[in-house]
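Sharing a structure below in structure tokens format, with a few things to ask.
Should a chain be cited, it is by its letter among A, B and C, assigned in written order, with residues numbered from 1 in that chain.
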């Protein structure tokens, strides 16, 4: 069909079909005699009856559109006979094709209307020719596909290393609403099951308790008045005072006054009075040391709302 | 040895491998007849490295050989190729955090007593790592348990200036009425000023509406 | 947009990813403020591709985006990095794959009718395993047979951007078309309907052929 294919004559594909008795079988046998050892390989080399027919046609440099159907049928059936004799496991399609060819041959013998312009449609070979051509197109397409540069064989995707990849950890997001709902639920549960009631304390006092506690150190006293920030105004002072009282009530704070009217000092409750395992004590000190850096920040924080 | 060809092969091999290659491995790629010796290979690698000047990649010699890697100054941007799906906090985490926010300073035991279940240490650890909570002191009881409180980062994250900008507990009770997704049918506009009674009313309203709709259909 | 910086990031990203990246993926790497638009990105990619001229690598656009890959002319040498040989595909596999690629969507029975022989189930299975083909639907006939089509992976693997980049199918000729020629004394090589000699002319024909193929399916 194509010049290329015709030029190659009987050679089906360029690569060896297989190794037969250690010899590469690169060409189809030119005659019908096929060494028995090669027959199976030979059969395997064809992708079915259309492929075999194409081979027979090409081998004789015949045009696919003008197949001498009698001759091709004779050759085809000879192959099939050889294969059958050798009791090779022949696919049924080969026999169907043999029958088809025989039918075409017999129809060719019948007289046909040969009015000009028509008749070709009636050529009994038309359907076979169409199928052969169609198959050959894809046979060729498969070859061209195989020729395309492809991954793993002709190219590889280039990649470079990232070095130490900085892990960008994404932290979960929470909305304030989620947080509030969570607390609401806890509170509702606690009211239902817990023995104690959740007090409605102003959060500012709670916050101030945390702040004061983190500014205090168990080993050194802090002057009481330094807990207050005059710039916070009366409300701020009141909040701080209530927070100190609350801390005192919870036993988290101790207050000392050397004598009447002397400055009042506060400090966190001394840990040495409790029995503490040594290991955890050092850990605690580290934590406290770290916490001592916090108050400055917190004080600034408190100033903000007043501006 | 054809230098230019050698350079092409070396570059292609390094990028195809996507890992470090030794001089020996690189040299194996060539037929004996045009195999570069180690000095020649080093020369070629040097040229290759120089050609990456001002590009997104660089050539590096490490203990395991030569490799091409992404330049540090664009690495961070390139890392966005692998976005991590943001994880979510569990219900328990949210509860613990909210309890600390509202009831600080308090100990883990006190959190447990409010929630009625033990607190998984990992939950508290996560909150510490996020720097949302801190140890503000110790309660002077046996074991000196840590007292937990929230941090300024916590306030910043939620856009709060002060802790008392959090709504008081009493207002929280009506929170679900404020959240259309949780309970309400459509009319968010129904002015509910809290309390369970109001919630009861709404349910009735909703039922009535459904009835009406059903009547309309019939 | 700083072109040089953009180019650095794009190159680094393509090589860090080690796979094809789409324009959208590349654009995501940039902050909104200096994010290149698609035209700018294409410009940068073009420059990048040009800068690989004469090197061991090249830039290619395939179905799933842009990738940097090893040039074919050094492939043989680079392949020596891996002791195992690349997978080979039998003629039968390639034929079935081509038929699916050109004639999709179609059923197994339709493949068999073109090849004139039953399709070995292993062939189809292998193509599925490689994720080169997929079931794209069912034909509404008894048994509702599966309709097969190719995947994006298939295009990527063969370095194609779209299906119509496949080499064109040869023409079909009818007996009528060719008959006049048969009447002439047959000069060898006139009846050519494809083949490399005519390759230059094929491009235009290809469109028509693809159309024909499409019509054939319907």
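Following the convention adopted for this analysis, a contact is a pair of C-beta atoms (placed from the backbone, for glycine too) under 8 Å apart; a residue touches a chain by one contact, two chains touch by 3 or more.
Just so you know, these numbers come straight off a predicted model, no measurement behind them.
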| item | value |
| --- | --- |
| Far-end chain from chain B, centres as C-alpha averages | C |
| Per-chain CA centroid nearest to the all-protein CA mean | A |
| Between chain C and chain A, distance of the C-alpha-averaged centres to the nearest whole Å | 22 |
| Inter-chain centre distance, chain B versus chain C - centres from mean C-alpha coordinates, in Å | 40 |
| Cα-centroid distance, chain A relative to chain B, in whole angstrom | 20 |
| Where chain C touches two or more other chains at once, by residue number | 12, 15-18, 57, 68, 70-71, 75, 78 |
| Residues of chain A whose C-beta touches two or more other chains | 156, 158-160, 162 |
| Complex interface listing, chain B residues touching chain C | 4-5, 7-13, 15-18, 21, 25, 28-30, 54-57, 68, 70-71, 73-75, 77-78, 80-81 |
| Sites on chain B touched by chain A in the complex | 12, 15-16, 18-19, 57, 67-70, 72, 75-76, 78-79, 83-89, 91, 94-95, 97-99, 101-105, 113-116, 130, 134-142, 144, 146-147, 149-150, 152, 155, 157-164, 166-170, 172-173, 175-176, 179, 182 |
| Sites on chain A touched by chain B in the complex | 156, 158-163, 165-166, 168-174, 176-190, 193-194, 196, 198, 200, 202-204, 206-207, 209-211, 213-214, 216, 250-252, 268-269, 271, 273-276, 284, 287, 291, 294, 297-298, 301-302, 304-305 |
| Chain A residues within the chain C interface of the complex | 1-6, 13, 47-51, 63, 65-66, 91, 93, 97, 120-121, 123, 125-126, 129-131, 133-146, 148-160, 162 |
